[in-house]
Amino acid sequence: MRTKRLPGLLFLLLAAITVTALVVGCGAPSVGAPTAEPAQPAEPTKEAEPADQEPAAPTALDFVVWSYGIETIQDNIKNFQAANPLCQINLKDYSWLEYHDTMVGRFAAGDPPPLLYGSDHWLQEWAAANWLAPVDVAFPQVTDYSGELAPYALQGMTYDGHVYGLSYYADTIDFVYNAQQLSQAGFDAPPETWQDVWDMSVALKEQGITEYPMILAFSQQEGASIEALISMVYARHQGEGALFDAANQPTFAQEGSAAFEAIQWLKEAYDAGILDPASLQTAEIDQVKSMQSGAHTFTIFPQYNMAELNRPESGEFAGKFKIALMPGDSHSTVGYVRFYAMTPQVAAMGDAALDCAWGFLEYFGGKTDGSYTVVKRWAVENGLGFAQLPLFDDPAVEEAFGKWGDVAVISQQAELARSKEGLTPWFGAWDVFTRAEVHKAILGQQTTMDSLNNMVAKWNELAQQ
Amino acid sequence: MNQRIGQRIESVGLNLLALILIVFIVGPLVWVAVASIQGENELLRHPPRIIPHDPTLDNYNYVFTGKIPTAYEVKGQLRSRISQEARLIPAALKNSFIVATSVMIVNLVIGSIAAYTFAWQRFRGKTFLLNFILGSRLLPVMAVAIPYYVIIQTLGLLDTHIALILIYMALTLPFSIWFLSSYFSGIPKDFEDAAHIDGCNTFQALTRVVIPIALPGLVAAAAFAFMTSYNEFLFARFLTQSIDSQTGPVIISSIAGNPDASYTLISVAITLGLVPPLILAIALRRWLTEGLSTSITLR
Amino acid sequence: MAQRPGAERRHHGLRLGRKAYPYLSILPVLVVVALFAIYPIIHAVRMSFYKYLLTRPNDHPFVGLGNFIEVITSYYFKNSIQVTAIYTVAAVVGVVIYGLGVALLLNTSIKLAGPLKIVILLPWALPAVVSGLLWKWILNADFGILNGLLFALGLIDSYIPFLADPTLAKLSLIMAFIWKEGPLVAIFFLAGLQLIPDEYYEAAKIDGGSAWTIFRHVKVPLLRAVFLIVIVYETMTAILTFDTIYVLTGGGPADSTALISWFAYAEIFKGLNLGHGIALAIIIAAVTLVLILFYLRALKPEEATS
């Protein structure tokens, strides 16, 4: 039949496409395009020439952040560019809740931004995957700043002995209470132990002051929930090794361990109606709004939210929220750091880009004219905590912080803050797994010990991958 | 007499049921529209006010003109309840529109030509090719998300409309072809035969005779293609980085999940995201309903 | 038949053109589909045989079926199969009942059928993320309107955190699904109902049938084809639910809404294990394919028209 030729032609065409696809595809398993490739600049480039004879065009660098305080960031960028006309920074932002996953998607497909925000709980993951470039390799001068950083912050930015950024802000996880409601219930001093919290909660509940005295942001989507949990563990534990020992082996899966006590307390509080059941789907902002409206007396969250709670127009209880040292034997808590990081993209873009990148990093996370301008601005205007120790003595900072918190307590808690243990490339993945396990223990779907054992098993599984 | 009362009760009962359904279907939409003009404080009450006390279009104003809602200026918020992302909504909707329209046109043109072929032509490999095309729809998005990304990046099309158009073509063509070929095969052959007798070749028969008759089905197919592209979220999320090509669902979900946006602003985002598909759905409902009905009855 | 040579050549050309036409006409479609189906599948299948951890960028040993085995024996898999199964069954049953109910209602001549017909398609026209966000906002534990309504009506005395309870969270997901997919099902059923010739109804009435008997013995059997199509399509849609989970629950609480496609997403973007994620996606595709083939086979004998 005459038709034989044409189907044949068609199938040949399909085959050709397939073969082409295979050939193209054989360039990859290039998913994860690690740094070896000189990647194209992310911008329709204004290439910067070594400014010898010709006036150089500005180098454009993308800077990716999560959407907090965008107007302030824009303003800072404007000031930076005024002082550095050869550098142009293009700001892009994603929602905090999607930040990690979105960046992973970009990294995995070889499309990293030159400059971005990083966080200590993903540093190991991203650095091990070669998605971030160590700052001290390209700019050894960054270690000059290390001496002035709170230890937990420096730890959170260091991987494999290298420093990966300059601190954007650093904070502690604090225990916060509504002093007005507490004194209404007949208590003048904040709780010192978890038993205190329990007794006070029972009183608050019985007197009808709050139906659920405590709220936590334990939504499965909330990235900071692990930090709240860790703070409760640290406070019950003296010294190191609360969760992982020096070799990153889990130490928490025993009856009576700090982690056991922490989760067990939460479970009992849930059953007794002390912990709001809604906590399991509450994220940070709803938690803050809820506290603001007086629906709960106790909570645990990152310190910077205090500024929001206590600003004068926030509502009935404005100014009445106070920080207490984390209840527990050691009153210790977890500190975390978010920082400015750079990717190998910068080096691939050339010397001019490197110059701009260092200028950027130093302007934003370091000193300008001898003072930490940008970090101080965040502290004074937004109440963000900081890792740069000299700022604790700055009168402007003290005054600003004094408006929403007790500076003495704040610095005391900061001294007792430790960084997260177990920071490894798989910490992020493990963190996501633990959220459901903690939920199950709280809900009573399994025992606390079961949850802890599952967490250990998952840790070991991830460690061996 | 009794029968009439019985019928009366039945009618009232059914109407009540229909009313409940209408409330169930339309209620959420009305609520979010109402919430978008309420101040934040109204929304935070227990229970929230359904009839706004002090309606304000400030948040809409912010989206379209960038003027910060006065409530926030007065209160001097530390954590501003606005997000830059909200200003991107109009641009995002425009992107959605461009992409969806292009995909729709492509579907109409090459989709209907191909569908007609599958409906009436006999040729070797027809079943195989049809199954191949239809089967491609079975790929779960997750498996192909990263390979798609790599293709698009290799072609240098990251963050462009074309990338989305190409991928949505792959997503919508199978359904369009299946639907249209069923639809075409339901049109009596007599029309086409008459056209052939009058001297038309296959292509002419298609354009001069079949298409006018098949118009309802074509409109339905166009509407589906448009809507699928407009509503698609996953690939839009991963393949776009900037407002150059980010579509409505991406921006809106980002705003709604953004801790820095007030509930009112979030409601505004959702409402703006609703409006275009709703308008389309209402305007085209007859075609859509007809199209869907025919597709199922022709099987 | 004898023809002049010239005519024969013209005929030849015409016939060749006619033969080529089918293939040319579907070529553009094939190219697009091939590019976006063949290459990704090949790439994906290849990747699934290698260990692919994004945190170990230079270490991709061949592991054969290792990824598949690890995925199938993992906790997540067992959990999400369970969750997906429960959710899918409930969602499909729910949406069929809902859609059929609405269709029956639309088929009557009550006054409100008109308005109902106008609004019916609206939820289906929305992006899944938008409808998910809508429901998340409505079900909000502190400020949601549903809580507000129930509270104002005196049905509850304190707000219910719908998304904080594993069962209620699943139900919320199912409700969002029914709200969005119901309209489509209703249209399908309505089309089917309107196809039933009046004679059947007449005959049944003459035989003394009540509304219920008519329903059981006339409508349901003749709607069988529609039932099957709806069930196939909605099952697939339910299994592959992702957008809604993404915005509504994030898989929680306690992984109670972590459907299988969510699991695949989490393995890739949170676990950074591409090998696992892709192996899982392939498994999902295979299962969906089997399900569809199964239904199609069941559908075949029913088709009187094929």
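Order as written gives the chain letters A, B and C; numbering starts at 1 within each chain.
We take it that contacts are C-beta pairs under 8 Å (C-beta built on N, C-alpha and C of every residue); 3 or more make two chains touch, one makes a residue touch a chain.
It should be emphasised that the depicted structure is a prediction, and the values quoted were computed from it without experimental measurement.
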Pair with more cross-chain C-beta pairs in contact, given A-B and A-C: A-C
Farthest chain relative to chain C (centres taken as mean CA coordinates): A
CA centroid of chain B to CA centroid of chain C, Å: 15
Averaged-CA centre spacing for the pair chain C and chain A, given as whole angstrom: 36
Per-residue overlap in chain C, given as positions that touch at least 2 other chains: 19, 23, 30, 35, 39, 43, 142, 159, 274
In chain A, residues with contacts to at least two other chains: 3, 6-7, 10, 24, 28, 31, 105, 108, 289, 293
Touching two or more other chains - residue numbers and ranges from chain B: 44, 123, 146, 150, 257
In the complex, chain A residues that touch chain C: 2-3, 6-7, 9-10, 13-14, 17-18, 21-22, 24-25, 28-29, 31-32, 34, 100-101, 104-105, 107-108, 125, 128-130, 211, 219-221, 276-282, 286, 289-290, 293, 295, 425-426, 428-429, 432, 435-436, 439-440, 443, 445, 454, 458, 462, 465
Chain A contact footprint on chain C (complex, rising order): 15-16, 19-20, 23, 27, 30-31, 34-35, 38-39, 42-43, 46-47, 50-58, 60, 75, 140-142, 158-159, 161, 163-166, 169, 249-255, 258, 266, 269-274
Complex contacts: residues of chain B adjacent to chain C: 11, 14-15, 17-19, 21-22, 24-26, 28-29, 31-32, 35, 43-48, 50, 110-111, 113-114, 116-118, 121, 123, 126, 129, 132-133, 135-136, 138-148, 150-151, 166-167, 169-170, 173-174, 177, 201-203, 227, 230-234, 248-249, 252-253, 256-257, 263, 266-267, 270, 273-274, 277-278, 280-282, 285, 288-289, 292-294, 296-297, 299
Chain B partner contacts - residues on chain C that touch it in the complex: 18-19, 21-23, 25-26, 28-30, 32-33, 35-37, 39-41, 43-44, 102, 105, 108, 110-113, 115-130, 133-138, 142-143, 145, 147-149, 151-152, 159, 179, 183-184, 187-188, 190-192, 194-195, 225-226, 229, 240, 242-243, 246-247, 261, 264-265, 268, 274, 277-278, 280-282, 284-285, 288-289, 292, 303, 305
Chain B residues within the chain A interface of the complex: 44, 74-80, 83-85, 123-125, 146, 149-150, 153-154, 158, 237-238, 241-242, 254-255, 257-260
